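By written order: A, B and C. Residues from 1 in each chain.
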Amino acid sequence: MTHTQKRIIINKVVMSLSTLSAMIGMTFLFWILGVLVINGIEALNWTTFSEVGAPPGYEESGLKHALIGQLYIVGVAAFAGVPLGILAGTYLSEYGQKSRLAEIIRDVSDIMMSAPSIVIGAFVYAIVVTPMGHFSGWAGSIALTIIMLPIILRTTDDMLRLVPATLREAAFALGAPKYKVILQVVYRGAKVGILTGVLLGVARVAGETAPLLFTSFNDNFLNTDMSEPMASLTVTMYNYATSPYEDWQKLGWAAAFILSMFILGLNIIARVFLMKKRGK
Amino acid sequence: MATIVDIQQEKALEVKNFEFTYAGADLPSIKKLNMPIAKNAITALIGPSGCGKTTLLRSFNRIHDLYPGNKYEGEILFNDKNILSSKEDLINLRIKIGMIFQKPTAFPMSIYDNVAYGMRLQGIKNKTELSNRVEKALQDAAIWKEVKDRLKHDANGLSGGQQQRLCIARAIAVEPEVLLFDEPTSALDPISTAGIEELVVELKERVSIIIVTHNMQQAARVSDYTGFMYLGELIELGRTEEMFVSPREKLTEEYITGKFG
Amino acid sequence: MNQILDKIFAHATKFIALSVLLIVAWIFTTLFEQSLFSLQASGFDFITETLWAPNLEKFGALPAIYGSVVSTFLAMVLAVPIAIGVAIFLSELAPAKLKSPVGVSIELLAAIPSVIYGMWGLFYFVPIVRDIFGGVGISMLSAGIVLSIMILPFMAAVTRDAMNTTPDILKESAYALGGTKWDVIKDVIIPYAKAGIIGSFILALGRAIGETMAVTFVMGNVHKISTDLTQPATSIPVALANEFTEADTQIYYSSLFELSLLLLVISFTIISIAKFYFLRRKRVGA
């Protein structure tokens, strides 16, 4: 066998292995998605949305408390994290630029994006839960805000820097002060990009479970008071899934399904935005 | 019909009724093209951008096959065999027909390993043979003196002109029969360009050369034959010294006198 | 008026940007303060002691550290080759029709929260591990496998992106010398994209070691060092997730905070190595 024949055979073997690993990867991934959709749709019905969690064995059991809690916790986190992240990103792109300080903030934010979220939970426990004396929705929101901040900050920074310098110069040439140039020209130019970053940031924190375990904790009843422990879809899902009761596990799947669809939906919308932007 | 000069010497390649269509395109980029390529001579392909000269060049080693959906029709004869046949062994074809690209393409490895790469692909493992042939290739590419003390250094540390010579050394190290040059000096400064041109002329002793260039002076300086292509067709193939003085086709004349292009 | 507003805007944005650094510093100091009690009580023994018995007020973190290291190692060993395979498939092999749908679904799967992977692992994968390898299924092995599946999409996507940075012309020149696909991949693409590929693997490692939910479901939280992978085990994040709300003594709390601090330091270090050594940030527009 010549060397070239050997190379051709090795090539075929490696390429088959590569295709095989792609198939293995896809199998697992479709398996997970399939399980999610089948169990989720089976578990979903009207009471899932209209009722709060009931003890095992009760027919009328749902996720209303968790859905509303989730909305509150993530909503408050986004309400704080989005503007803060955008303003911080604005500083990096428009003022700090390539200064030492801006670079350090970028690096630290990048690291924070991959840092373990459970540690953020521990931190918020120490600074919020302990002084308050009990778990609360606020504590959960604060943990999620801290996680969201670097994500929004970095995408805003990147997206603002994509706005051409000539656009800024043209606005300055008309005599506009810098903050007006930023608010009225730069933001407008980067609108789609920032929106994409916001969607991805919200999607990311919406799936967080670990930092909520000991901040917002859980509540089996409907609660809209942020200063009390609050249910979230993720923690509820964890508690129900690890319970020994079949009807609770079923609710867990319903929660998993709703959560995944929400997060995938946000990701798909963000992608469509980005594609449109690139298409322009 | 194209005006094609009669080539008396042996032919390295013979293009017959060749058509090429890019994936997804409705119309062919090269239409019914016939063209002989002389052996141990330099054939330059000139023409305005988009005329199909690079497309034709890239058909000779079937590098188009890397991208699915491209379609060949007709024949390209090489050693009496149609290389467009679906049974053609592309690996052997590419060993026999080498290629130099628009930009230097030093691989992320040492200077020595770059030159030895093609030989190693062919299974040559003997260290003395390898280093002899590496040295010879580098000498033939007129770069030996500059790199002989740093053969183990990363090839990306060389200048653009040196890298392009290195790529030529890498290509000739496997002793191909034909070398394809795709605008090899378009990324280089005038001095490096002159050096590469000189080298190309020296190489024709051993290999048949086809060079695509957007620079008519370059074609006039280095080539024996020049083919002028326009809109996917070969308009004229002639001896270079004749064609630049008295082109037979009106289009050729307009192009070389700068009326379009 | 405009000048004042200009100054306010500039300072406000700067202050908020700085707050990122303040928060990170605050996290480190808070965790350190909270760990002090445990640090003073057990000192260096904390990371070498194998007994974790809250009822006896003994807190040795070695089993959790061991579990973190082994489960992450298992996950990497399983995920790296498959991720490379998937990346090769996506960047060099897949027909155009498959490239984009497979690529996009892999990226979307990287966005699915880890809690979902954990839940799937508990209900669908743990029974399989139990049937094949024996034991109760809840084990180090299950944790490693579920973790590997969770990091696979991220790793495959970034590896593909790194491989895609190889210029076409460089690949073409290797093919032009008679290389096969595999020759081109191993001799040109992988060496060219090496830093990016290794960097993304280390980044994935840094994420995996801090991953909580994917493993909490399937690991069991048993503070015991066992070489038998089919036995339940624990890891730093798993211990935190399970025990934080149960801690009832000051030393218990403080020990958990020390675990958090340890985890933060470990992942910060790993992520920094990935970032500063391998992944120099690509500037927009540069």
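The working rule: contacts are C-beta pairs under 8 Å (C-beta built on N, C-alpha and C of every residue); 3 or more make two chains touch, one makes a residue touch a chain.
Values in this document were obtained by computation on a predicted structure and should not be read as measured data.
The chain with its Cα centre farthest from the Cα centre of chain C is B.
Between the interfaces B-C and A-B, more contacting C-beta pairs are found at B-C. Annotation: 16 Å between the Cα-based centres of chain A and chain C.
With centres set at the average Cα position, the gap from chain B to chain C is 49 Å.
Between the CA-based centres of chain A and chain B the separation comes to 52 Å, rounded to the whole angstrom.
Residue positions of chain C touching 2 or more other chains: 178, 180, 183.
Annotation for chain B: residues 91-92, 121-122 touch two or more other chains.
In chain A, the residues that reach two or more other chains under the touch definition are 4, 7-8. The touching residues of chain A, counted against chain C in their complex, run 4, 7-8, 10-11, 14-15, 17-22, 24-26, 28-29, 31-33, 35-36, 84, 87-92, 94-96, 101-102, 104-112, 114-123, 125-127, 146, 149-150, 153, 158, 161-162, 177-180, 182, 203-204, 206-210, 213-214, 217, 234, 237-238, 241-242, 249, 252-253, 256, 259-260, 263-264, 267-268, 271. Listing the residues of chain C that touch chain B in their complex gives 95-96, 167, 169-180, 183, 187-188, 191-192, 194. Chain contact summary for the complex, chain C toward chain A: residues 2-3, 5-6, 8-10, 12-14, 16-21, 23-24, 26-27, 30-31, 33-34, 81-86, 88-90, 93-94, 102, 104-106, 108-109, 111-120, 122-124, 149, 152-153, 156, 178, 180-183, 185, 203, 206-207, 209-213, 216-217, 237, 240-241, 244-245, 256-257, 260, 263-264, 267-268, 271-272, 275-276, 281, 284-285. By the touch criterion given at the top, residues 2-4, 6-8 of chain A touch chain B in their complex.
Only residues 91-92, 121-123 of chain B touch chain A when the two sit together in their complex.
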